[in-house]
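Have a look at this one before I ask anything.
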Amino acid sequence: MREWFRNLWSAIATVAQGMFVTLRVFGKTYDQNRRTFTEHFEYPELPAPVAARYRGFHRYDLTTCIACDQCAKACPVDCIYIGKERVENGKGFRVSGFTIDYSKCMFCALCVEPCPVDCIFMGSTLDLSCYSRDGTMVDFARLPVDVAWGRATLNPTAVAASKVIVEPVHGGPNQ
Amino acid sequence: MVEFLTSTVGLSGWLAWTIAAVVSAVLVLNVIAGGALAFIWAERKVSARIQDRLGPTRTGGRFGWLQSVADGIKLLAKEDLMPQGADGLLFRLAPYVSFCASFCAFIALPFAFDVVGQRLNVAVFFVVAVLGLEVFGVILAGYASASKWSLFGAMREAAQVVSYEVPLGMCVVVPVMIAGTMDMVTIAEKQAGWFWNWYIFHDPFTFVIFWVYVTCAVASVNRAPFDLAEAESELVAGFHTEYSGLRWSYFFMAEYGSMFLVSAMAAVLFLGGWNGPVPLASLAGLSAGTGDTAPYVVRLLGLANLVAKASLGVIVMMWIRWTLPRLRIDQVMATCLKYCTPIAAVMFAGAMLWKIALPGGLVPGLSRPGGEIREGWLPGPGGAAIPGESTRDGSLARVTP
Amino acid sequence: MRGTSFLDQFREAVPGAVVGENLTAVDPWVEVVPAKIAEACRWLAKASPVRFDSLQCITAVDWFEPDAKKAAKNTWQPHTELVYHLWSTPAKVSLVLKCELPRWQGDVPGELPELPSVTGVWRGADWHEREVYDLSGVRFTGHPDLRRILCPEDWEGHPLRKDYEQPLDYHGIRGK
Amino acid sequence: MTQLMGDDPRIVEFDVRTDEMLVNMGPQHPSTHGVLRLVLRTDGEIVSEVEPHIGYLHRCAEKIGENLTHRQWIPYTDRMDYLAAMNMNLGWALAVEKLMKYEVSQKARHLRVLITELGRIASHLVGMGAYGLDLGTFSPFLYAFRERERILDLFEEACGARLTYSYITIGGLTADLPPGWLQRCEAFLDQFEPIIAEYHALLTTNAIFVKRTAGIGVLSRDMAIEYGCSGPVLRGSGVDQDLRRDGEAIYTAMYDGYAFEVAVQKNGHYPRDHQYPAVPADAVLGDCWHRFFVRMLEVVQSMDLARQAIDRYASCKGTIGEPLKLTEKMPAGDAYLETECPKGQMGFYVVSDGSAIPWRVRARSSSFSNLAVAPELCRGCLIADVPAIVGSLDIVMGEIDR
């Protein structure tokens, strides 16, 4: 019998306690200074804030790239494809394509580290949604340099537009 | 309405009755459907706030107030699937059985003292009985789905709801005993006046039994922490695992309909029905019986009162749902048989003794235990205690005034 | 604990089990005859002064080089090595046992090498042995329920073998 | 006479036959924590046998590891226990460092402690919230995620990712902390500390929660050891083992000088248990409640360790060092190292033939061993207890299937 009352009491007390906790959170969300936790993000309307080191879609500088293949070798998933041509009457390579397959890329940033000329970095674009797999293949050599280097936002439109340009937008540092 | 149709429009009797019935049914149906939409929206918002979120914000401009409508349209557009092994007829029938039960009970529910579909002198009994029919829909759905999870849900529902009828019945009987009638209109009328006339404050036993009623009501409409029939972490979705589209939404509407119903019943039985905590109408000198606009104002006030109380009850149920973990089936049964039933029984006995010992209440001047008998101007069957209703037991006979 | 004295006791208790050891490696290990592994483990777990009451891990390492050119340079012969990592909860020390098995039983390709199961010593070995069987193709005799665990039941081959070739087709799903 | 016999109410004829039923719980089921499939053999509500079927998330991580260099495999360890990727990174990094006999700087060690303890908090928060979800309460889950979100913000600032960090790497960490990070971390810890009481109110002490977990799925001490269970599952059974204290030198060196008590019940008491809710009367050592409670204690313990690490890291001179080159060669040989991850002891085994690419990589996951004990625990329980028991083991399928 004592246990019966104890069970009853503990049930009532702890249920009331739990309900009080949720009620307090309920009330706190109406505090104009605090608001709800999720109210800090207005993602589709405003871009989601990302940290300075955010590892988003790459930034790539075609003008300095020497096509040394270091990033492609470092990539654990082999998602970087570099097209290069020998420069006539000169040394080094001319980059004819620098494609990253974002259906494979896992944003580990291992490609950034070995680059001898610091031409590839992780950017802050986090959304590159597209309707076909074609959109996941981004050829940075055919993107406008501003977009590729992150001064303008990397966006699906630019990626789509880059597919129709036949020539790379710049020939690399040896041009 | 029937009179209007036969005398003024000149229709024959049966046609008039049919039209009147259809009009009333559509009215009630829309009230339930509209109410369900509102409550689904409220559930989203309440749960969101409890969880430090905002809930729907975009649909329909601010506050996502069109969210339920959008959901409804989506559900309408969804394909109605039926598992291959399902019992076709029962599978299709189940949601409607479930919905009808919840819907029928609204007939006897008074919203203000003569705003009631059909005033019954056994309204309490009727509502409890009809509400109990909802379980058939669930059992049919679980059985007919040809899914093992659904079957588990159905078996649990059968065990649980039928058991909870017992303490629920006992809780409901207490106000009936105090009022001396099963007519919900009269029960509510007897609690008129200030809030200390409400039956929840009638004596300590009714106060306790109100909470037992809340527990049993939550259990009997399958809300968390007693939502064993659709325990999503164990049974995927329980009895409605295999349902989709509109059929599924009927279950949903039935659930919200019953939630509102049991809350409204709590309001009528314990919380003074349509009588506000402060008798505004009588303080303002408005009378429900006489005057040009006064009756309408009083009824509207009563309606608002009852809907507010019932909605509050529904919101409390949501609050409970988003706070507590779910019980196990044996614990649900133990709660019913080892806790709710004995407590309800003891409280019932206590309330009875209280009524015998202190017929005038604790402070005689404060409360009016008999209530103000206003049957004189009330339409329909008498609201007074029906002798014989409670004379089966000798002790009860003395209680009835 | 890992010193010679314990090893001597081990040799004495399970005669003929220990065939080699390396006490200077990063993880010192003891090599055990495959046929006696269950017996050795039982002694280590139940009777030895340090009760290795917990099995941490069973690993199979496939020493095989499919490329014949590279294989010629190797100092080792192709074999499958089983590594048992044992742990003693009371003493908080670990022990590494190794077993050398042929890659194929009797050098007949397709015949899985066999050794006794240690599920009788630690019940937790059950899943580990199933995994080794599944991925590396070692048959544990006396295992109560030796089925594939990670791959589907009708999968062919043992993926962690070095000569494994990914199937081109599995139930109509294109491989590679 | 026979007529009478037939009407005798005392004689009940059973023409109802009951059969056992096989039910598939999963791989698409709300409470199986990913793609675990449990085949239940049930008689009504009573489960007579549970058989886990795993492998739905098998991604051949070990085979992939044989084709990549040691550092290139770090992102794959992220994807094992994706709720505590920092701890996974650390496990692999230490295993390779052990083989190479490489020692990171003192500052890097403190930073690793700080980061992994935050990772432990984040993982236990998910474990706790998801356990509430298994028992049918939703709000603690979102409260837990709310706080975890703040930890992920901190991680994002430090390494640029919110889930697959690849932050701790062989030879140290990929980057030092950004300025102001320590203050933000301290602010988070201060802000988080009082919230734990809410979790206790909503779950640990809640009568329904206690009823659902106390005395359910009792894992005895011997069985826990024999099955190779580890982490909170082992400590919940009363085994005093924590690799942060008892592990190998390379790992325990990280925690040198740190003050912490292993969250395990000794003589009927948890360390500093007067600060926490009392153990309910129904709870048996080794049951779901204790496993849950150990996690809750470890959250506090990790906060404490993180605070100590902040102080030490801040007062430590020097740099965190440089990560090793991607193609740094490993000496021939093998090394096995287990570290204390939030889910249990995660072991990494690396065999090298002298090149930068390991010959064989093995990940011994804690959840794998912890889940193996589920059939034992679930024998004879009710259906509703299956999610309660499996949830209390706090498994992550990414780690089990690898």
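As written, the chain order gives the labels A, B, C and D, with residue 1 at the start of each chain.
We adopt the following convention: contacts are C-beta pairs under 8 Å (C-beta built on N, C-alpha and C of every residue); 3 or more make two chains touch, one makes a residue touch a chain.
As the structure is a computational prediction, the values presented were derived from the model and not from experiment.
Graph distance from subunit B to subunit C, where chains that touch are one step apart, equals 2.
By count of C-beta pairs in contact, C-D exceeds the other of the chain pairs A-B and C-D. Placing every chain at the mean of its C-alpha atoms, the farthest one from subunit A is found to be B.
Centroid to centroid, with C-alpha atoms defining each point, subunit A and subunit B lie 52 Å apart. Taking each chain's centre as the average of its CA atoms, subunit A and subunit D sit 28 Å apart.
Look at where the CA atoms of subunit A average out and do the same for subunit C: the two points lie 42 Å apart.
Within subunit D, residues 139, 143, 146, 202, 206, 208 each touch two or more of the remaining chains. Within subunit A, residues 7, 15, 18, 21-22, 25, 37 each touch two or more of the remaining chains. Listed for subunit C are no residues, as none touches two or more other chains. Interface note: chains touch in the pairs A-B, A-D, B-D, C-D. Contact residues on subunit D toward subunit B in their complex (touch as defined above): 21, 23, 29-31, 44-45, 132-139, 142-143, 146, 202-203, 206, 208-209, 211-212, 382-387. Touching subunit A in their complex are the following residues of subunit D: 68, 71-76, 78, 139, 143, 146, 149, 153, 156-161, 164, 166, 174-175, 178, 198, 201-202, 205-208, 210, 323, 326.
Subunit D makes touch with subunit C in their complex at residues 54-55, 58, 60, 62-63, 98-99, 101, 223, 225-229, 239, 241, 246, 248, 333-336, 338, 345, 347, 349, 351, 359-360, 362, 364, 368-369, 372-373, 401-402. Those residues of subunit A lying in contact with subunit B across their complex are 4, 7-8, 15, 18-19, 21-23, 25-26, 28-30, 36-39.
If you check the complex, the residues on subunit B that touch subunit D are 47, 50-53, 148-149, 152, 155-156, 224-225, 227, 231-236, 322-331.
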